[in-house]
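In what comes next, chain A is part of two complexes: it sits with chain B in the first one and with chain C in the second one.
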Partner chain A sequence: MAKKTTRKTSRTPASSTPGKPRSTDKATIANLERLGSTVAKVSVSGKDPIVDVPTRTLSNTSFNKRKRTLEMGDATQQRELFNLNQAKKFMQTMLLASGTKELVEAGKTTSLRGMYYKCLHTIAGTKEKTLGDQSESDAVLEDLEVMLGSLREELHLFAKKAGTMVGNITVIDSGDEIDCRRMGSGGYAIPSIVEPDILQFKKCDAKFVLHVEKNTVWSRFNEDKFWQKHNCILTEGGGQPPRGVRRLLRRLHDELKLPVYCLLDCDPWGHYIYSVIKQGSINLAFESERMAVPDAKFLGIRALDYDRCELTDDVQIALNDRDTSRAKQIAAYPWFAQNKPWQMEIAKMLKNGFKMEVESLITKDISYVTEVYVPERLRERDWLD
Partner chain B sequence: MTEQATLLDSPRMAKREPKPPGRTKSPRAGATAESMAEKQREISVSEFFAKNRHLLGFDNPRKALLTAVKEAVDNALDACEEANILPDILVELRALPEAGEDRFLVIVQDNGPGIVRRQIENIFGKLLYGSKFHRLKMSRGQQGIGISAAGMYGLITTGKPVRIISKTSPKKPAHEVVLKMDTSKNRADVVSETEHPEDDALFPDGRGTRIEIELVGKYLKGDRSVDQYIQLSAIANPHARFTYISPPTSALPEGEKTVFERGVDELPEPTEEIKPHPHGIELGTLIGMLERTTESQLGGFFANEFCRLTPKVGRDVAEQAKLTTRSWVKNIGHAEAEKLYKALQEAKVMAPPTNCLSPIGVRTMIKGLEQGLAPDFIAVSSRPPAVYRGRPFIIEAGVAFGGNLPAEDSAKVFRFANRVPLQYQQSACSSFKSVAETNWKSYGLQQPRGALPVGPLVVMIHMASVWVPFTSESKEAIADYDEIRKEMKLALMDCGRKLGTYLRKRAKMRRAGERRDIFRRYIGEVAKACEALSGADAKQVYEALLATAKTKTIESDQVLDEEGKVVAVKGGGDDETVYIRELDDDDSQPVEEAAATKKRPNTASGDSLFGEDDDASEIESPDTKPRRKAKKKVAKKKVVRKKKGG
Partner chain C sequence: MAKKTTRKTSRTPASSTPGKPRSTDKATIANLERLGSTVAKVSVSGKDPIVDVPTRTLSNTSFNKRKRTLEMGDATQQRELFNLNQAKKFMQTMLLASGTKELVEAGKTTSLRGMYYKCLHTIAGTKEKTLGDQSESDAVLEDLEVMLGSLREELHLFAKKAGTMVGNITVIDSGDEIDCRRMGSGGYAIPSIVEPDILQFKKCDAKFVLHVEKNTVWSRFNEDKFWQKHNCILTEGGGQPPRGVRRLLRRLHDELKLPVYCLLDCDPWGHYIYSVIKQGSINLAFESERMAVPDAKFLGIRALDYDRCELTDDVQIALNDRDTSRAKQIAAYPWFAQNKPWQMEIAKMLKNGFKMEVESLITKDISYVTEVYVPERLRERDWLD
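This part shows the complex of A and B:
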């Protein structure tokens, strides 16, 4: 898919309906107002202005065994204006909050990058800019989401698109009917916001969803018309899937009852992508309730595929120290720790001493993965859960 | 000058019987005792030093120039102090290009008591002649070699005699004596002798001595220069006024006149002369004392020739040596003397009295460093008296930091012995070693292993003693006695601690300043955001936050004095400065405001000591411990977090 930077995206879901307030806007504005008035009141009384930001780390994340998703705990971090390390972040928090309020009040939507530019200016009397690069504002906006308890779309923000879909389904995106069977070689770009008020499912014949890690593999499946032959939906998330893709998978699974299968690399990175799709991410644990797909299955690549598929030495990519420690870290996550097959899978990979990408199957045959590997796994119901 | 007419037995060296020279050639066949005896004759001490002038500090022309000035100034200061006169010293180096490129006329003049006519030849013409060698009293000169050696050096290198003009009383005319040293006889020949009433104008105080020596020398600036010597002398002797006229250089064809005004108007405490301490003598000294004493009985000998030897201890010592206090001194033979010596060493005797010492003093040292260097910070420490080999001594140390001192170089060590600057053989000196051995890193300075610390720092060490143990006759380095080194290190550590506190305080102030800058930068944005979010008055929020920021970074408004104490707090942004007097019980030397601003007027030339480096950038304090912040829960505020979706 063509890389579209959000800056250029003029046609966004919400911008098609400018000025139309969302149902949640009132509450969002009230929250933002409360933030401003509290800081102002504390400041005027001569005390230190402090905001509490929920902690987004593993230590503040717990695994809900019943729901099989990650949940964020109650721990918060104080962000102080009069603390050398936090002063700038405090200022950015307030700045972006006021920017967001303006956006919501105007009933407009913008990208994360748009928001970055909206709040970017040189601080009066200095040469310093309010924001360094976009990653700074992105992080603060995530903080704002959890602080205010508002989702990103409730703040009228969206991320850049990074996800593609094709398959036996017709959707309505902002009023436009899109037949995902007729998307050519590029596929349907999954938008950042896929809530029911933007995206509705119209007609679905597919029986399952196959999510692959990245675009190159997805193109192979699309070219081989895998989704036609096997009657499925084919999605791709460009590595770690963005929230739009995860939310879409969740909706396909929940509303259309489609099982979700993942085809990811055999490395810690691939394992964590699976973990995020299944349980939610640590960073955005507060959103896993509406994003996680606890029933998602891991088809491959498996550590045993090197022998099973009789691959050659050429496909081996040696594990480096970081990979090894990351693999051990993942194995220790509470949601993996009790999972015996997964413990064996990671142990096997560590024992192999190398990782493998999905593309390594091309060494067998260009279409081995679509014609043999995935059909076989599905037929034999051979996957990790 | 001070050398008084106390004719004592000269040391053995000058009087010894003819004996074979040190380096005897192995007698060849034919040489008989008689033929050899013809060649054997007494060596005059002046002859000895004429050949070995490096022992006295006349190794090369540059050092010779310095040594000549130094010996003359030391004598002048000693004389003035002994006569209770605030010294006013003139030093002039006059180049004599017509006589040769390296010819100089050294002129040193004081306002001291003058010298009576009949002593002039002895003092300036005879080596090892003086008042200071035989007594245990703190003074700059010790051996009675210096000034006559300078005259001798002048004579050897230029053939010109020494000219001395002295005036002992306003009523008497000044007399001029021109002396030529006869090295083989260790005495001076008077070339001419005239009364010079017209020279009275030279001595406005009605008294004084002026000495002029022509010699071969070399004038250079920088380390170990005469300039540096005068500057250091001014630091260690703030009670003296120095006028220094340097020889012309290419930059200054007229020469340069520098005046170092007095920093204090009080003379150092006069010192007492003390008798030898029983623990400070050696067997030979004891035997010599027994031979020389006018006492007839041992008890009297103990009581009058030693200090701290009480009658009771004396009785015990005598008993120990199988003698009594009534034993006749002249009957004590070598064996008895040896026993007596042993008994003396074993006896428990009080430490020697310390009223013989005159330390520079904490306040005077601060004055000296302040006027000489104008640093940002001064710490000084004066140790209580201690004893080495039965000789009392006091160590004083000071550090000056910041100001115009060069930040990139190693620290300078200013060494003084009885207020005399020591400029040569630094690395052989006990004081230098103690500076290098002190761990300056723990006081916030950089320090390469086993070397001097780096930074805009001057370390001053002064040893005051009745007898400073120099490593050589030229008095360049203090010998390395454990007791001395220990005292030096303790004094340095004391100064170092004060410096460390100051540096930390300064680093804290700097950090507070940086923090305030950062806070100030963001406060405006926060205030605007508050207004946009909740309609609060941005101006009101801004001003409230700014006030909070100021109180949080109050340290950056502090004004420190030279001793690192907070003397004032600047009003934020305005010119008003609120002075606060800190009552600090630990420190007994509060500095008056006047002292903080008073500058010695003519220190410009002194800067040549450190080159032209004006960069006084600070040393980064290594203690980058995260500042413990007082977490205030008062302002804690909860933002209600709602779970959405799901």
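This part shows the complex of A and C:
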């Protein structure tokens, strides 16, 4: 763990207010204008309008073992207007780029659903809609992210908000100073967009971040004032953490040099959550570059805890066929495939034949997880990497 | 709407700290002890141990039209130890009552899942488990609520946490003062348990509460500082609001006399959310007495908005068969059945043949919902009751 130090970022507090431009907006708008004027120039010169879309497939993704991050290759696909198979998608690309530009210029944000509605209309003189359903706009927006080199959040788009934070840190969110040491039993709701122009770190005394899977477990840790006793930040992401939570973990790790420890269930779902926090999803390698925390540690629950913690069979939930095949899929992910401890972990879980939830540790004692389990793992530096 | 006044509750701030007894704990423990000693007395006197469990069925529930609340009748069922069909459930009732007492005495809280694990073990000398799965402990805990006359939260049990709040109010949560006017873009995460011994209202200037269905819509209202311009409190419950959010709305309404306006989708799901906020669920009439907000208003989206707001067919989502039958079920609920405006609303939606989401108003303008739609409805006092 990092040494205990009080960090104060030099960043000036919140210059951005909702409705006012953010510092990255200028670059985003410039990128959007470049895209538009390239297409316009080609068109007026009488050539076929074409845009290059970086290929978001597994074959164009590689795992950089040294940096332990997913990286996108240089492959691109051309999207043409005068091609019957691509004309609609070309139109949608321009439409959503234009919709995004309006949004950024207005200094407002919206959800993917909102963006879908914003760009949905009947094409003049036809009965054809610009978009079939939201999956079409979502896919094009992902294309735009990689084409422009802008995170979705920089395009002023947000995903579902979920997750809470408490602990030894003060943040500034849209100009409001929020002391996460005084957030009661509820906590600070982590926003969907936590980019530096919206959220700044002010005073942080914490030594590390403990991220737990479920808010019920988070409540146990908060109630037992774990973050006070162990000088840390406590986060949860409501199961699979949304982008805002992942990006926040990444920023806490990068900018404040805080180690991130994850406490998740011993099951394929828990392993997958860890995998997403650590590396992101394979087909969104682009976002992983700014959202993944390759150094995140998996503190537990471990398959060997059944014996080590002397648990009873009350904690066992039998693995079903789906769990087993999912576990094997996860074991084959590039960052797990050549990681011997992880191979052993998954093999041990499969040999056990059962899953275990963090909440099942209550069979030992209601505060066993906060008073014994996690402190022991941290003291012994016993985790999976 | 209520007149604008600054309210300061006379309640003394947070005497309760997690781990310390709450003011209602004494009564809860007394109730639990009464249950235990009644069974013990009967047993030592050589009679068959029996407990009376209030009947939680539709037939034992009535809708009080004057008070507009659901009420439970007096019917009870006997649960006997020496009855092969009831012995296990009798044992589970005692086991969970005992587990709850331990929890309250320890001054700790847990989830229903945690309580299940806490009471799960193999019965000595057998291979039989005390509980099959969590549904068994959940049902018995609901029995205990009505037997003891204690809300689940008073038994220190909490449901999933979801939902956020911002606005012109300061609250005290577990001794921490939280100014909901300075909560940035994230907001204050509404706790699972908001009983008065955990959460107190301090300074409230707000005139009303606007509750919206989705956090994406909530973000639009927060970003546009709607609560500042219209002097209100803004809440969301992540879809179907969890108990903590419902109980908070009830307390804001009861104690601070704030009207509660709901902005939900024009579909059976939105109508059902309104119904649960307003009246609770029929088979949990007991909890409705302290969680429902019978005065809550439905601001929209209304079926007539399609014409009134001059929306395009882009906003239409066709009703499927399941929607149609669900709409008819909801129309038959006691509080809707004799409510003519609601009968007309549901009939109009069925006649339209389509649903509409709040987010679809973005087809007018990104801030149409915050700058036109809701202000107009409020000004014209145009809502369903």
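Methods note: the second predicted complex is superposed on the first by the 252 of 385 C-alpha atoms of A that agree within 3 Å, B and C clash if a C-alpha of one lies under 4 Å from a C-alpha of the other, contacts with A are read in each partner's own complex, and residues count from 1 in each chain.
The rule is simple: a contact is a pair of C-beta atoms (placed from the backbone, for glycine too) under 8 Å apart; a residue touches a chain by one contact, two chains touch by 3 or more.
Source: prediction; values computed, not measured.
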Please indicate which partner A:Arg290 is in contact with in the superposed arrangement: first for chain B, second for chain C, both, or neither. first
Between chain B (first) and chain C (second), which, if any, makes contact with A:Ile362: first, second, both or neither? second
Which of the two partners, first being chain B and second being chain C, lies in contact with A:Ala162: first, second, both, or neither? second
Using the superposition on chain A described above, determine whether A:Glu177 touches chain B (first), chain C (second), both, or neither. second
Name the contact category of A:Gly187: first (chain B only), second (chain C only), both, or neither. second
Where on chain A do chain B and chain C both make contact? none
Touch list for chain B against partner chain A, complex: 514-515, 518-519, 521-536, 540-541, 544-545, 547-549, 552, 629, 632, 634-646
Can you tell me which positions in chain C touch chain A when the two form their complex? 18-19, 103, 106, 108-111, 113-114, 117-118, 120-122, 129, 158, 160-162, 164, 171-178, 182-193, 198-199, 215-216, 219-220, 222-225, 238, 312-315, 357, 359-360, 362-363, 366-367
Using the touch definition up top, name the residues of chain A that touch chain B in the complex. 24, 31-52, 54, 78, 81-84, 87-88, 90-91, 94-95, 97-98, 101-102, 123-126, 128, 130, 146-151, 154, 286-287, 289-290
